[in-house]
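The letters A, B, C, D, E and F name the chains in turn, as written, and every chain counts its residues from 1.
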Amino acid sequence: MGMNNLGIVVRTIERADKAAVEKLAGFGVATIHEAMGRVGLMKPYLRPVYPGAYACGTAVTALVQPGDNWMLHVAAEQLQPGDVLVVGCTSDNEDGMFGDLLATSFRARGALGLVIDAGVRDTKDLAAMRFPVFSRAINARGTVKATLGSVNIPVVCAGALVNPGDVVVADDDGVVVVPRAVAMQAAEAAAAREANEAGKRQRLAAGELGLDIYNMRETLAKAGLRYV
Amino acid sequence: MGMNNLGIVVRTIERADKAAVEKLAGFGVATIHEAMGRVGLMKPYLRPVYPGAYACGTAVTALVQPGDNWMLHVAAEQLQPGDVLVVGCTSDNEDGMFGDLLATSFRARGALGLVIDAGVRDTKDLAAMRFPVFSRAINARGTVKATLGSVNIPVVCAGALVNPGDVVVADDDGVVVVPRAVAMQAAEAAAAREANEAGKRQRLAAGELGLDIYNMRETLAKAGLRYV
Amino acid sequence: MGMNNLGIVVRTIERADKAAVEKLAGFGVATIHEAMGRVGLMKPYLRPVYPGAYACGTAVTALVQPGDNWMLHVAAEQLQPGDVLVVGCTSDNEDGMFGDLLATSFRARGALGLVIDAGVRDTKDLAAMRFPVFSRAINARGTVKATLGSVNIPVVCAGALVNPGDVVVADDDGVVVVPRAVAMQAAEAAAAREANEAGKRQRLAAGELGLDIYNMRETLAKAGLRYV
Amino acid sequence: MGMNNLGIVVRTIERADKAAVEKLAGFGVATIHEAMGRVGLMKPYLRPVYPGAYACGTAVTALVQPGDNWMLHVAAEQLQPGDVLVVGCTSDNEDGMFGDLLATSFRARGALGLVIDAGVRDTKDLAAMRFPVFSRAINARGTVKATLGSVNIPVVCAGALVNPGDVVVADDDGVVVVPRAVAMQAAEAAAAREANEAGKRQRLAAGELGLDIYNMRETLAKAGLRYV
Amino acid sequence: MGMNNLGIVVRTIERADKAAVEKLAGFGVATIHEAMGRVGLMKPYLRPVYPGAYACGTAVTALVQPGDNWMLHVAAEQLQPGDVLVVGCTSDNEDGMFGDLLATSFRARGALGLVIDAGVRDTKDLAAMRFPVFSRAINARGTVKATLGSVNIPVVCAGALVNPGDVVVADDDGVVVVPRAVAMQAAEAAAAREANEAGKRQRLAAGELGLDIYNMRETLAKAGLRYV
Amino acid sequence: MGMNNLGIVVRTIERADKAAVEKLAGFGVATIHEAMGRVGLMKPYLRPVYPGAYACGTAVTALVQPGDNWMLHVAAEQLQPGDVLVVGCTSDNEDGMFGDLLATSFRARGALGLVIDAGVRDTKDLAAMRFPVFSRAINARGTVKATLGSVNIPVVCAGALVNPGDVVVADDDGVVVVPRAVAMQAAEAAAAREANEAGKRQRLAAGELGLDIYNMRETLAKAGLRYV
């Protein structure tokens, strides 16, 4: 494709298995991230625009230029029911690239949310609509439509690599990417972890210590911990 | 006035036209900012101390020193019903310069809110009072009263120039300054924009794409966008 | 103790007087901080994980390594009813070191909250449990258990020195440390300050100016303030 | 001029008096800033791209958009011998807007330096050319030429208001703006301050204390300082 | 490979063509980045540890954990003459993961430099050795060797995706990644660009304006630029 | 001493043993920090104002208020030959609190350097004088002399606790605090470490791998590292 990947829209992508996405949708980001072995997390500067926002869907990706949201309009057309748009930016930028009009359009396409490494606005409306958005900043400053980026190429968003069709899960704790190929495996691991945690929670609530539940005392002593 | 503008209180300022302020008060910051052609916005690090805070009023300005809120007391006397105090600081500082006592005083003077490029405290009380404050930080640390600043001189607050008497509008999306001379023009442009947006929103909700509504397809093709 | 203080758990600490802690528990952080003469405040980057979180208790301290929450499990055993765990980190780190399982365990021990100069996760659960946590970041990323820190040694947390047994008070405005030896004195000063503020609030609400209540006019004039 | 000031080039500006600029050129930024009464300083995140860079000249101003250096080419034509270009940006951006080609062009116009609230590149060449540049970042990332800003309107650069024709002085300590109208007064005050400092330096080098030279002991005692 | 890519060392990687690397080695980062169409740049927070540091080589990659440099020792064995080690970290961390001992080892293996999204130390020694290092921070704080990462898997370093065998070029202006497959194409484009720039530089030095050389006047007028 | 420690100058402090300080003065910060078991390091945002700056001496401490350098004059009188002034600030502040005049005075008292969690200025002069300063920022902005802090009380500086009389060592890699009581022990450990490193350096230069020198292969395999 030549030396760079700007100015391209990939129309056909392979999305993660629907059953896997549905199974993942029951879990929180921390659980999935742990279940996968602590990989795939975006940087914690991404925050929900309202408390309790939650999204789990298949990634359509966009790469945009600073101060320019042209590609979000291009991406809208590629969105299908169940998708979440994931947006990386070619350089650090906090301009407000997305607001209630685009949210209306995305919802009309069936999209379930937005994860964007830039700013957004109209946050009061987004909260009223319950359209989940996870962004780097809230910023009323609008953008131009002048420079091409791309849609549905691999993008780096908030430090994580996202391929089109991967599963993206986002909640108050952050945003995690589950590669398409391991989506079902991750869902099962998350379910196992949650089951395991339920038991732990009961024992901890009853006053047992993690030191004992997780058998840490010996390892701590070997590492040299001294009680004085 | 000599080489600098510290130690001065300007008692008589010309405030923006009341009708214009009232007309602007119906609109959000993003709308006004767009309507004006994307100028006048403060940096997005200013945030409301409680969700849903909103203020629209005429600016009384203050310039303060780091760790020193003396001028806020001086400014209180210059506040009139309908004013919003806008505070710049001579160097970056996040100390808590304002709390519920000053809010009580400001409200007694008829002030509608505070925009401050520094810290504030007593945020629980401010939220309970519904006194809208937009600040750089929340910080319990108090300040001294030792060094002069000024009141009602032009100040730079969070990157934006504010002249006394300008209109300041603040909501969850940020803070925008509308110069006094163009307040009515801005209000009319905001009204026009909002009317226009209502129509767009319906079309987008019905599934039409921004690509078509805004006629972007040809420009995108000319810019070289390729669908693959 | 040799050159460093890593790998140590101090089991016996002297906690601040219970009566003093109870008396302090009625006041906000800003009030206590002012009453003490503006000392003991942690940096304002520590924020509550849900609005309205409040904690006042005796400090059990922990020093942890970046990306490693091993010591939090060790600290759990040292917690007694009425304690707040205060966690410093050996280098800047925002990994999610604490979640709902540890919160369950801490609560079972009688702990009243957590102040941590690192990240936490499961914030939705923490809010539902009403377990007050004040942290540097919210981050789903988990941690390992591999490197020793210490428990109940003096720690620097968010720029403030905390000794085990000190009183720690945290609310929406920040986190303040009250040294054990002056806890009652601080509580009394806070009570005096609050009483004094009540009167001021009434006068300010009635329209009197701080300029007059605090007799600032003469000092301002001497400092050279000019009204123009 | 309508509601905003984008898309405008002001061709005729009144520059500060040449004699004043020449007199100021002998002084450091800290000295001038002090001599003016501590006003006019840009934020300290602006740094020289090579140690020892120094510029003192009359400001031609430009307002640019993030990721877009179009206006720097427009500004080049407005530069006259003795000018320094001062660039504000409509939102925070660190893209590399300026490099050795523009520096070559600016020097050919007689410009003495650049102060820019954004990024620059080709810093090795700039150092070799000894073309003084003070920027927010060093960044190889290039920019587009797509969106209008303005030239020779008042701009906010790194927190300071700059009017075209003002004097701008920049060295390793920072960047200060001297309003056109007070340039000679500031130069004289700087000269007086420097003369005064020379005497102080000798006394301090001889071991006298600032406590005595500046008569601080009594004021400190009055403020309550206790020696223990 | 299961759900995650931790704990893996890939021993056989395909390196970019030697001739391409040699050809690229003549150019600066800004030139290569432009020649490729403005892609592949790492974030500008990566800085050389001494002025004039330059590296151009084939990437061996490592993924490390915060506060843990174990994988750098593992990576050393995979380094071949002409390689540059590129290190991503699983969460933001500025601990000093690399110093003069590892530099000695890397040089003995024939490595040409280090690009690391974390901290380094012994910078005086690194400068004396002229071993080029580009890092996020300088920090004396050492690290443990306790948790596995990986070597020679794709990593995100300072916002850019790097595959083992890609070419990495780093100088005072930043760090750029050239994908293995397009290395020669990029080198040729860089050569063409540099030749073109030489002509431009002469014309600009002679006083011609970019406005004329790049034919901007008409486009600016169409965009609405007004001279007043 | 009441509830707070502001407004106090402690005139008599116990300084670390001269022989220990002299022995430490031969070592770099990274070496001492490692030798002590990785404790005592200040945050890496403290940087030298010129490359190669180095200081090793006994700490006189000062606590200052934001924007106020009064206490630096008070501290000057407490400085003795061989001392380094360590300055903490009651809230984050980057104003330029120290310049060439105070450096002249400090040097006349025999002081060896300054470590300050705030800004400094006159950096060109400081470099010319070779007076080593390690600061949080370089900033021409001057300060007032209006609010009391303290001298020779324990202070937190850049995240580290410093007691008067401790040894402070600072170089390009950072700043480390060696508690008075363990100064000689730390010096001996540093010497041992440096001797040990010399041998390692030779082996690494000869091509041996850290994997073998430090016997890491087995531990890595046990931890699960796989070569593919």
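Throughout what follows, a residue touches a chain if its C-beta (ideal position, glycine included) is under 8 Å from a C-beta of that chain, and two chains touch if they have at least 3 such contacts.
As the structure is a prediction and not an experimental result, all values here were calculated from the model.
Q: Which chains make contact with chain A and with chain C at once?
A: Of all the chains present, those in contact with both chain A and chain C are B, E.
Q: Pick out whichever of the two, C-E or B-C, is joined by more C-beta pairs in contact.
A: B-C
Q: In whole angstrom, what separates the CA-based centres of chain B and chain D?
A: 27
Q: Rounded to a whole Å, what is the gap between the Cα centroids of chain D and chain F?
A: About 32 Å, centre to centre.
Q: I'd like the Å distance between the centres of chain A and chain F, where a centre is the mean of that chain's Cα atoms.
A: Averaging C-alpha atoms per chain gives centres 41 Å apart.
Q: At which residue positions does chain E touch at least two other chains?
A: Touching at least two other chains: 38, 41, 90-92, 94, 139, 141, 147.
Q: Graph of touching chains, which shape: line, ring, star, complete, other?
A: It is other, because the touches fit no line, ring, star or complete pattern.
Q: Okay, what are all the chain pairs that touch?
A: Touch list across chains, by label: A-B, A-C, A-D, A-E, B-C, B-D, B-F, C-E, C-F, D-E, D-F, E-F.
Q: Give every residue of chain A touching chain E within the complex, in rising order.
A: Interface residues on the chain A side: 2-6, 35-41, 43, 90-92, 154, 156, 159-161, 179, 182, 185-186, 189.
Q: Spell out the part of chain D that touches chain A in their complex, as residue ranges.
A: Counting only chain D, the residues touching chain A are 65-68, 90-95, 139, 141, 144, 146-147.
Q: Enumerate the contact residues on chain F facing chain D in the complex.
A: Checking each residue of chain F against chain D gives 7-11, 70, 73-74, 76-77, 94, 96, 99-102, 104-105, 107-109, 119, 121-124, 137-142, 145, 147-148.
Q: Which of the residues in chain C come into contact with chain B in the complex?
A: Counting only chain C, the residues touching chain B are 28-30, 33-34, 38, 41, 44, 47, 52, 171-174, 176, 197, 200-201, 204-211, 214, 216, 219-220, 223-228.
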